[in-house]
Amino acid sequence: MNDFTMVLGAWVATGLTLCIFSFLYEDNPLFKMAEHLYIGVTIGYSLTSLIFNSMGPNIYEPLKAGRLLPILPTLLGLGFLTRFFPKWSWLSRISFAFVMGYSSGLTIPTAIVSQFLKQLEGTVYPLLTRKQGLLDFSLPALGHDFTVLVLVVGLLSVLIYFFFSVEHKGPVKAASKVGIYFIMVYLGAAFGTTVMGRFSLLYGRLFDLYTYRGAKYHYATPVLLVLVVLFLVVYDAKYKKPADAA
Amino acid sequence: MKASTLFSITMAALLLAPPAARAAAAKPAGKAAPTAAAKPAPAASALSAVQGLAADDMPYDAGSEVLISWKAMPYDAPAVKYTVHLSSISRDGPWAQGAVFPSDTKYRADIDLPFWAWKKTKDRHAVALNLETAFGVDDEVGKKRLRGSVIYAKVVASDGTSEAASPAVSALATSDWFSLPKLNNFVFTLLFCCIVLWFISNARKKDLFMRRIPGLDAVEDAIGRATEMGRPIYFLTGRLDIDSISTIASSLILGEIAKRIAQYDTQLKVPHTYAMTMAVCQEITKQAYSEAGRPDAYREDINFFITEDQFAYTAAVNGMMVREKPAACFYMGYYYAESLLLTEVGASVGAIQIAGSDAEHQLPFFFITCDYTLIGEELYAAGAYLSRDPVLVGTLRGQDTGKAFVMLAIFAGVILATCGVLFGFEHGVQTFLEVFKSY
Amino acid sequence: MKRFLEGLANVDRRILFLLVVVVILVPIMHPLALPGLKVTDSVRGVYDQIEKLPPRSTIAISFDFDPASKPELYPMALAVTRHAFKKDLKVIGMNLWITGTGLADEILTAAAAEHGKRYGEDYVFLGWQPSPIAVITGVFTDIYKIFSKDQKGNDTRALPVMKGFRSFQQLDYFVELGAGSPGLPHWVQYGADKFKIKMGGGCTAVSEPGYRPYYPVQITGLIPAMKGAAEYESLIGKPDKAYAGLDAISLGHFLILLALAMCNLIPVLTRFTK
Amino acid sequence: MVFAKKTLPLIVCFVMGTLVAIQYYVPHRLSQSFIEELSHWEIIIAAFAFFLGLVSVMQVHIGKLRRRPPGWGFSLFLFAGIIIGVATGFISRGKQISETGAMTPFGWMYNNMLNPLQGTMFCLLGFYIVSAAYRAFKVRSKEAAVLLMVAVLFIFARVPLGQYLWESVWGSTLPWQLHQIVEWIMNTPAKAAGRGILIGVSLGAVATSVKIIAGIERQYMGGKD
């Protein structure tokens, strides 16, 4: 990679980044442009990947080598396209049926394993601890027993919350209420742990912008930043009705 | 262990599975001469070669592993190490190292298989060795060659100063037709499928009760509001394709909501990230409009495709939201990081937002930013709730029965395990609980 | 006061956005080295192994990540490489992710320049080869079968740094910095475990829980994401990008806490002033 | 004809579903190659579905170019994007790195256009998470109070500065350290709830799959005829 393509790359990357960031200020033509370009590029990218990385090695190459089996899935795939011809569009049902059958068949045993049995086996523990033949009532052991109790009560109450065929009143209501509290703890924990990743990303992006500020990249960031800000100021002054403000 | 035997027999009989007998204690290899020491013994403390060495096909696998086992030796201790050597050429090598471990580890009992498929004892060492890993084979040709070859194995015991090698034994790794350890999974699956189908077939007979789902009562309000304001309603089906359960549930909800929207002259917009989902949703929406008696109001561009890329799709939907200011947004299905991007922009244009997702990691964001959120299974129940279709309600009944079974199993399991600790039969309880483990 | 509070409650979101930018950008321009960072044992587990090696020992580093995971893995890669050069070790670099080849090269070159190390004599970058498991098995048996040429096209055998070196089995230490698959599990399973060499690892935050069980038996240490990298930077006494990143993230977290507090306090205060 | 239109798809779905489900319990090599081949098929079939989407996009944007509603000009950028993606892709034959290890135009496009665009959209979350916290994280009920408290505790504990402040306030007066408390919440009440959600979801998934295989759920086949 030579210098020119590297610098051009930095300018393009910085420009597009700033265009997207401008959406935080308001919807504007720069964002609209980047948005449409983005959609277009991803479609082009998908199309190319499809042809070279999927259809090439999966259909063209085996056929060239004399293996005829890929013809069947190819026909099924072409079945989707019959949707454009109302008379033949029922053919697409067979393609849908294949895909749905395949994925349903895949779901059943794996859902039972990874979400059902795996969750179950991690919950069934004794509520008491025994150490060297005697029941252990020391603080750590009791703490462990308590943890197991919370786990079991939590799981049972959450499952009760998800009961749809029983009216939630009386003891069921109380239990499902406990279940909701457990779910809230879960949501809070999930929120708290996600924050980290989001800021890491933002840091990474701003760091790249900061890197592109230097002479090596011909001052891509400061120049483009000034241009974007100027554009927004002019755009606001010229096209924005006073009613839209604030 | 009478109960366990009984259990395993019943289960096996139920399925006409291959006899569990093949999993019983490994038979000693006839050819091996157990007492022959490979080297002259130098000192009193010297090791003798391991006894009762046997090489067998590892049961319940695709023929990629061999099982090497031998008797527990009197000198088993942390300082003494066993090295298992494998050869695919001849009983004299060349040898590839299969495993090294302290001699007081890796007994039959340490192999993680359930009681109905494997006898857990401590009187024999046993290691299952993957041939491709052991021989470092990565290419198809090598793998194919390995499959047909007889595998020779020998075990060397060493304590740092002396070592003793056993004579070689051989085995052929073969493919098996049923994975007995997964029997419990199979039985549960079958049982649950039957329950669901039974409830569905019985659902039509009587009206089944269903509890309230608050978020869904707001659907009518949201549609009404959009009609009053003359603004569109957005419906998003999530980031997975139609072959995922979340998206199927979402499309059912779309059908019900579309029926209600069709009665007003409100614009519905369903941007898609997968073409297959779009095609299915087109059919569903069309059907809904005609069922509502408004086939004339249906337009082919209610459902439209944007792109498969996660964030390009999000950028486009965000842009549309800001420009068209929808009165209501529905987010049903499975979502990833884009959830918050969508809902924050939706909130900023003042839309009523109703979300439903089984993506547990995105639920907090929906819960915080949306007016109503359906959590987990409520997403699947929503279709049934809105339509009161007997088939859907019956399915839900089946799911509830499944949950009741789980609760009972956990409750009984915990009581049993606690009693086990109280009265000292932990081992028996642990063995029994293997019924609820995944293998 | 009341009007001020009302204004605060309905503050333009763009002011919040601006605050976010400030909070992230300030540490990038000037690392604050906020207090509270404690070096964990698992990070020290990598540092100690490198620290105790005598000069001219050989270590290898595999840079198995791409630009997408750069914020998490680049800083630790730089820190570990710097540490190796500081200790005057011979460094063999390679990678299993083709999209990360440029990054790996950049890291080695930058760290070498800082310590006045010369290519071919003090370090080598072998580059990328397809079929990761075969590559791992290969470098542990005969490195020249896999990498007969280095990334720059030199004959690997002829380089002074490779003199007397035949396979990774001779390594004094191995470090794997990986963002996914192929990565740490592969190196452990097909390399270090099998050929009994000492190795350490670095990984993204997402994969940390999955890799934890390898420590401390199969790997001597694990550097998890940006936080681990910041710990490593503090160990080698050179606070840099990871430190800055950690500062930025810390401030970001506190900004959220502030937002949460305001969100709930403003309505209370408004009622109070009424 | 009715058979081909209605029954045949149901048979295909039933046979496929049953075979694939049973395959899970059969470790034999033949069963492995069966599922490998099928997943291959799935990829090929799904690839064609993309063209349905492509046509939909084209209809929308060519329509815009014809009718010229306000903002139609932006559709030109969409076509420009498609052309850039396809052109660089075809020049580089779908490879981002050439055999010599140099970056191809496709790779350049990926690194300097797609990657920054994706990364930037993704990192907008950093902004929105703050605005969501400021705007919407109000304690309206006891449940929401629990949510808020746990979230605050976790945010505090995730960064060294938070742990430092916690320790300088509490010192060693508490029997547990902050990270221990957070870990316990994560591994006990939060895990219990997570499991409850997952078990419900898995049962729902199995139930829906059974209905599809049995041909009870057939909305994917579309309307009448």
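The letters A, B, C and D name the chains in turn, as written, and every chain counts its residues from 1.
Here is the rule we use: a residue touches a chain if its C-beta (ideal position, glycine included) is under 8 Å from a C-beta of that chain, and two chains touch if they have at least 3 such contacts.
What you are looking at is a predicted structure, and each value in this text was computed from that prediction instead of being measured.
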Chains touching both subunit A and subunit D: B, C
Dominant interface by contact count, named by its two chains: A-D
Farthest chain relative to subunit A (centres taken as mean CA coordinates): C
For subunit B paired with subunit C, centre-to-centre distance based on mean C-alpha positions, whole Å: 32
Geometric centre distance via CA averages, subunit D-subunit B, whole Å: 18
Rounded Å distance, subunit A centre to subunit C centre (Cα mean): 24
Centroid spacing, where centroids are CA-atom means, of subunit A and subunit B in whole angstrom: 20
Residue list for subunit C, restricted to those that touch at least two other chains: 13, 17, 20, 24, 102, 249, 252-253, 256
Residue list for subunit A, restricted to those that touch at least two other chains: 1, 20, 23-24, 32, 34-35, 38-39, 41-43, 45-46, 80, 83, 96, 99-100, 102-104, 107-109, 112, 114, 116, 120, 123, 152, 155, 159, 162, 183, 186-188, 190-191, 194-196, 199, 201-202, 204
Overlap residues in subunit D, where contacts from two or more other chains coincide: 21, 24-25, 46, 49-52, 54, 57, 103, 111, 114-115, 117, 119, 121-122, 124-127, 129, 131, 133, 135-137, 147-148, 151-152, 155, 158-159, 194, 197-201, 203, 205-206, 208-210, 212, 220-222
Topology of the chain contact graph, where touching chains are joined (line, ring, star, complete, other): complete
Complex contacts: residues of subunit D adjacent to subunit A: 4-5, 8-10, 12-21, 23-25, 37-38, 40-52, 54-55, 57, 71, 74-90, 93-95, 102-103, 106, 108-117, 119-127, 129, 143-144, 146-155, 157-159, 184-203, 205-206, 208-210, 212-213, 220-222, 225
Contacting residues of subunit B [partner subunit C, same complex]: 97, 133, 136, 138-139, 348
Interfacial residue positions of subunit A with respect to subunit B in the complex: 20, 23, 27, 31-32, 34-35, 38-39, 41-43, 45-46, 80, 83, 92, 96, 99-100, 102-104, 107-109, 112-114, 116-118, 120-121, 123-130, 135, 148, 152, 155-156, 159-160, 162-168, 183, 186-188, 190-191, 194
Sites on subunit A touched by subunit C in the complex: 1, 24-25, 195-197, 199-204, 206-207, 210, 246
Complex contacts: residues of subunit C adjacent to subunit A: 12, 14, 17, 20-21, 24-25, 28-29, 70-72, 102, 205-206, 225-226, 241, 245, 248-249, 252-253, 256
